[in-house]
Each structure stands twice: as C-alpha cells, then as structure tokens.
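Paired with chain B in one complex and with chain C in the other, chain A is shared by the two complexes that follow.
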Partner chain A sequence: MKTWAKILSVVLLVYTIVAGFLFTVPRLNIVNESIRSLYFHVPMWFGMIALFTVSLVYSILYLNKPSFKRDTYAVEFVHAGILLNLLGLTTGMIWANYTWGSPWHGDPKQNGAAIALLIYLAYFVLRGSIENEDQKARLSAVYNIFAYAAMIPLLFIIPRMTSSMHPGNGGNPGFNAYDLDSNMRLVFYPAVLGWGLLGTWIATLRVRVRLLNDRLLNLNNE
Partner chain B sequence: MLLQLFLKELTLELRRKAVISGLALYLFSTAFICYLSFSLKQNQITPLVWSSLFWVTILFSVINTVAKSFIGEKKGREIYYYSIASPADILLSKMLYNFLLISILTLIGWLLFALLLHNPLTDHTLFGVTLLLAALGFSSSLTMLSALAAKANHSNILMAVLSFPVVISVLLIVIKITKNCIDGLDRSVSYPDLITLLAINCLVAAASYLLFPYIWRS
Partner chain C sequence: MNRIIRLVIGLFMLPAMLSAQPVEMADTMRSEGKIYVVVAILLLIFAGVITYLVMLDRKISRIEKKLPPESGS
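== the complex of A and B ==
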C-alpha cells in the first residue's frame, strides 16, 4: 500500500474520532448520543463487505490462474474482514445494550452478521483440514466464492423481508432520516474511507509477512 | 449421459439397500426421540415447537444423506467417471438424484411427525410445495459441499461445519413459510417468501454449476 494512503488513513481516523465525539449531532428520541455509533459501527460493515469482496476477486483470479500470491491475498483479506466483522459486532452490541436494553437482541441483521462470521470461520477450518498446498488453495477459493454467494441473501435480502428494530429497517429511521443537518455526512464519509483503508493496510501488511516467510522458506531449502 | 448417470445412482442405491434403509432408520429414530421426549405431554408441542423439531430433524438427516454422495466414492471409480463424463453431467445427475432422495425423505419425515406427534398444518398444498423447494435448495447447495468435503480430511465433521452457514438462509425462509402454513394465513402472504426461496436456490445452483469443475479436476 502506498505511503500516502497510510497517512490518509491515520489522518481520517483521527479526524473521525475527534469529530465523531465532539461535533453536534441531531437529538433523537431513544437513540440520543448513541447516534455517534454511525461513525464507527456502520463504516466497519462497509469495510468488511469491501474486504470480503476483494478476497472474492482474488479467489476468482486464483481459479483463473493459480499462484501463491493470489491465494495469500484471498486469505489475508478474509482475516482482515473477520477483524472488522468482530469489531462491528462489538460496537453493535455496545450500542444495542443502551438502545435496545440488551447486547444480543436476536435482530435479523445481528444474526446475519454472526452467521457471516461462521461462514468465514468455516473457511479456515476447511483450509486447516487439507494438507496439499495447491489443493488447499483451490478448494478454499471455491468455498470462498460459494460462501460469498450464500452470504448475499443473508445480509441483504432476508433482513429487508423481516421486521427489524435495526435503524434503516421496518420503518425505523435510517441514515437518511438522521442527517437532517448534513453535518453527519461530513464525518461519515471520511470515516467509511478511513476504516476501509485501515482494513486494507492490515491485510496488505499480513500479505507481505506471508510472502516474505515463503521466500525465506524457499531460501532455506536451497 | 446425464440420464445414464442418474439411473446409475438409482440402481446402485437400490442394489445396496443398507444405506437407504439406514437413512430411513436415522429419520425414524430422530422422530421417535422427539415423540418419546414429550411422551404424555403432547399438548405442550406448540406449532412453533413442532416446526423447529421438524426442521432440525430434516436438516440433520439431509446432511447425512447428501454427505455420502461424494464422500463414500472410491478413488478409482472417481477417475473412471472423470474419464467418461463431463463435470457438469456428474454434478447435475448427483443433484437431481439427491433432490429425489431428499424429497422422499422430507415427505416421510412429515408423515412420521404427523403420525407420532400431530399435524398442526392447515395449508397442506403450500407446505408440500415448500418441502419441494427446500429439497431443491438443500440438494443444490449440499451436493457441491459434499464434493468439497470429500477432498479434505475429517470429511464428516467438515460437511456439517461447511453446510450449516450455507443452508441457513434456506432454512430461515422455510421456517417462516412453515409458520404461515400453521397459522393458516392466506397464500398470497407466502408468495414473496416462496419467490425468494426459489431465487436463492437458483443462485446457489448456478454457483455450484460454475465452481464444480474446479473441485472435480483435482
């Protein structure tokens, strides 16, 4: 990742944290100050979807033309996506604790996110149980694509069909209703970019470590 | 070729009846355990309890049924199939066969549950259609995963782990429709769910169809 992107990520996140906690936000019933969760919780899901999509693209590329590098990219973007998923779940649970009264409320979106986590944990179980490196890479690429296809209805269709208390669902005010003053947009969009860049940074760092380890292994063998 | 492979699956199955009767017994035992665990307190089986017991039973028997479609195959026989048929034919024939098997299994499951527990459903036709669509969804997603799991170690554990997250979206919708059938709601209420179920089936089947050649090649 380019240096300017890393600096941009840090600057945007510092801005998100400072502005996210200090700027004025609309006063709404029940939600109150917890609306600030929009700057942290929502961008993490955007980032997670973006990272999983990048991993999906690398899996498709891998099946097209296998290489160790592509497999490494696919795996590490899943790792970073899982991190953002866990963070998103945690921030969501903190928010739900104050707004809904309990951290786990059985909301369709919450369940969907938990199942998405299970899908990608199963991906690592699959990787762990195959010994042949090439076969491991190919089969896990296949499962990655398959799981992504199965995840789409889970995250985007079913929550919209069932009643839900999550903002943006079932008549609850969503993002558009919140930012009557467009102040929130000023923080929200930089936050999305910042968290996304942070995820990519983590993923690319891990990719570099793995590629270097692989090179070291090859050098030792020679 | 597709038809021949399908008929081959059917003949093989009928020839070694131990497997198919084993599956039937598995289903019967599970239904019987459900019955025994409630024994005299039949009135405590609310429609919701009935539906969850039913689908848990069906889910696990179906996973066990489909798992054997690739996991049990011998190495040499696979190479033989590889040389005579295209991967698409093999996948589709197995899918079709599993669809048939699962449909029969779910229908038997329904009969057993109606017999041992009771039958809280009011709209039988709709529930029948739902069962068929669920069977289609299970067969299209699980056949592919069985092929995937067969290549790895500890196939049986892996099969359950891999399939759970993938079939859950089918299961969630099916449970919702079942509830509608039990409550006797108007059919038009369930149509959007049925269409979503069909769409998910198409999505999963298309993904399996595209991805299967990559698994089969190894």
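== the complex of A and C ==
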C-alpha cells in the first residue's frame, strides 16, 4: 500500500471525527444525535465488503495460477474483513439497544450479518484442518468464493425482502431520505473511504508479516 | 373574565404547541462547547492508534530490508 493512501486515510478519518460530531445532522425522533453513528457503524460494513472483495479476487487469481503471495492476500484480507465485521456487528448492537430497544432483535439484517460472520470464520476452520499447504490454499480459495456468494444475499437481499427495522431495508427509508441538504453525505463518503483505507492498511501489514515469515522459513530450509 | 379568555386561547393553542416541540438533540452540550471535549478525546485516541500502526509499519519495513530479496514464490 502506497504511503499517500495511508496519509489520505488518516486525513479523511480526522475529518470524519471532527465533522462527524460538529456538522449539522437532520433532527429526527428516536435516533436523535445517535444518527452520527452512521459515520462510524456503516463504514465498517462498506470496508468489510471491500476487503472481502479483494480477498475474493486473490482467491480467483490463486485458482488461475497458484502462488503463496496470492494465498496470503486472500487470507489476510479476510482476517481484516472479519475485524470490521465484528466492529460493525457490535456497534450495531449498541445502536440497536438505544433505538430498537434491545441489542439483539433477531432482525434479518442482524441475523444475516451474524451468519456471514460464521461463514467467514469457517474459512479459518477449513484452513486449520488441512495439513498440506497447497491443498489448504486451493480448497480455501474455492470456499472463499462460496463464502462471498453466500454473504451478499444474507446482507443485501434477504433483509430487503422481509420486514427489517434496519434503515434502508424491508421498506424502511435509509438516512439518505432525510439528508435533504446532503450535509451528511459530506461526511459519510469521506468516512467510508477513510475507514476502508484503514482496513486495507491493517490487512497489508498482516500480508507483509506472513510473507516475511515465509521468506524466513525458506532461508532456514536452504 | 380576562383570565378565562386567556385559558380558552391557551387550550386551543395546546395541540399546536405540542406538535411544534422540537426533536431533542444535544443542543445544550453544543452551546456549552463540551462537544469539543468529546472531539479532542476521540482525536487523541485516534492519534494514538495511528502512531502505533505507523511504528508497526516501520518495524516491518526494517525487517523486510534485512532479508534478501524475494525469490518470487
């Protein structure tokens, strides 16, 4: 990851923290000031999707032409994606507690996000259960494609088809419907980019450590 | 008499007054400037996390330079 992208991430997130708390937001009942969580909770999910998509691409590339590097990118981007998933899930629970009445409502959006988390955790169960490195990489690359294909309907289709209380799902308008003067978009889009880049940064650090570890192992074997 | 008229007018205006009640937001906190305390704390924590990440990044870079170039695995 290039240095300018890391700097951009930090600049955007400083802006998000400052503008996210100081800029005006729509005055709505029930959510009140908690509408500002939009700048922190939702980017976790956007970031997770971005990281899982990168992982998916590297898994497909791996199946096309196997290499340790491609496998490493696939694994570590799932790792960082799961971190964002957990943060999105827990921040959503806090938000739900004060707007829906309880942290876990069994809402289709919440259940879908939890199932998606389990599916991606099973990716590591699969990897941990295979000794042979090439088999491990190949089978987990195939599984990763399945996991992505299962996550999309769980997060974006089922909650829209059933009744969900989550904004933007099950007939509920998203917050963009209230953001008539686009004041929130001014903070929300930079926030999404900033958090996404931060997640990518963490993922690339993990990638570099795993590649280093592999090079050290190769040195010892020579 | 005057008091009764005022009461009647007041009763008529009651529904309008209730519906016009503004949505409760943290306006007091903002007017007192306490919101800047929240922003300052969050910025400090964020700065700490980023400093940690930058140091980790540089540490990994140093180890990468110590090793011979990649064999292209």
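Following the convention adopted for this analysis, the second predicted complex is superposed on the first by the 220 of 222 C-alpha atoms of A that agree within 3 Å, B and C clash if a C-alpha of one lies under 4 Å from a C-alpha of the other, contacts with A are read in each partner's own complex, and residues count from 1 in each chain.
Just so it is clear, a contact is a pair of C-beta atoms (placed from the backbone, for glycine too) under 8 Å apart; a residue touches a chain by one contact, two chains touch by 3 or more.
Only a predicted model underlies this, so the values are computations on that prediction, with no experimental measurement involved.
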Counting only touches as set out at the top, which of chain B and chain C does A:Ala149 meet: first, second, both, neither? first
Given the touch rule stated above, what does A:Asn32 touch, chain B (first), chain C (second), both, or neither? second
Just chain B (first), just chain C (second), both, or neither: which does A:Val18 touch? second
Can A:Val10 be said to touch chain B (first), chain C (second), both, or neither? second
Quick one: classify A:Leu61 as touching chain B (first), chain C (second), both or neither. neither
Contacts for A:Arg208 in the overlay, against chain B (first) and chain C (second): which applies, first, second, both or neither? second
Shared chain A contacts, counted only where both chain B and chain C touch the same residue: none
Per the touch rule, the chain A residues reaching chain C in their complex are 6, 10, 13-14, 17-18, 21-22, 27-29, 32-33, 67-69, 201-202, 205, 208-209, 211-212, 214-216, 218-219
Enumerate the contact residues on chain C facing chain A in the complex. 22-26, 35, 38-39, 42-43, 46, 50, 53-54, 56-57, 60, 63-64, 67-68, 70-71, 73
Under the definition above, what is the set of chain B residues touching chain A in their complex? 141, 144-145, 148, 151-154, 158, 161-162, 164-166, 168-169, 172-173, 176, 192-193, 196, 199-200, 203-204, 207-208, 211, 214-215, 218
Chain B-touching residues of chain A, taken from the complex the two chains share: 63, 115-116, 118-119, 122, 125-126, 129-131, 135, 138-139, 141-143, 145-147, 149-150, 152-154, 157-158, 161-162
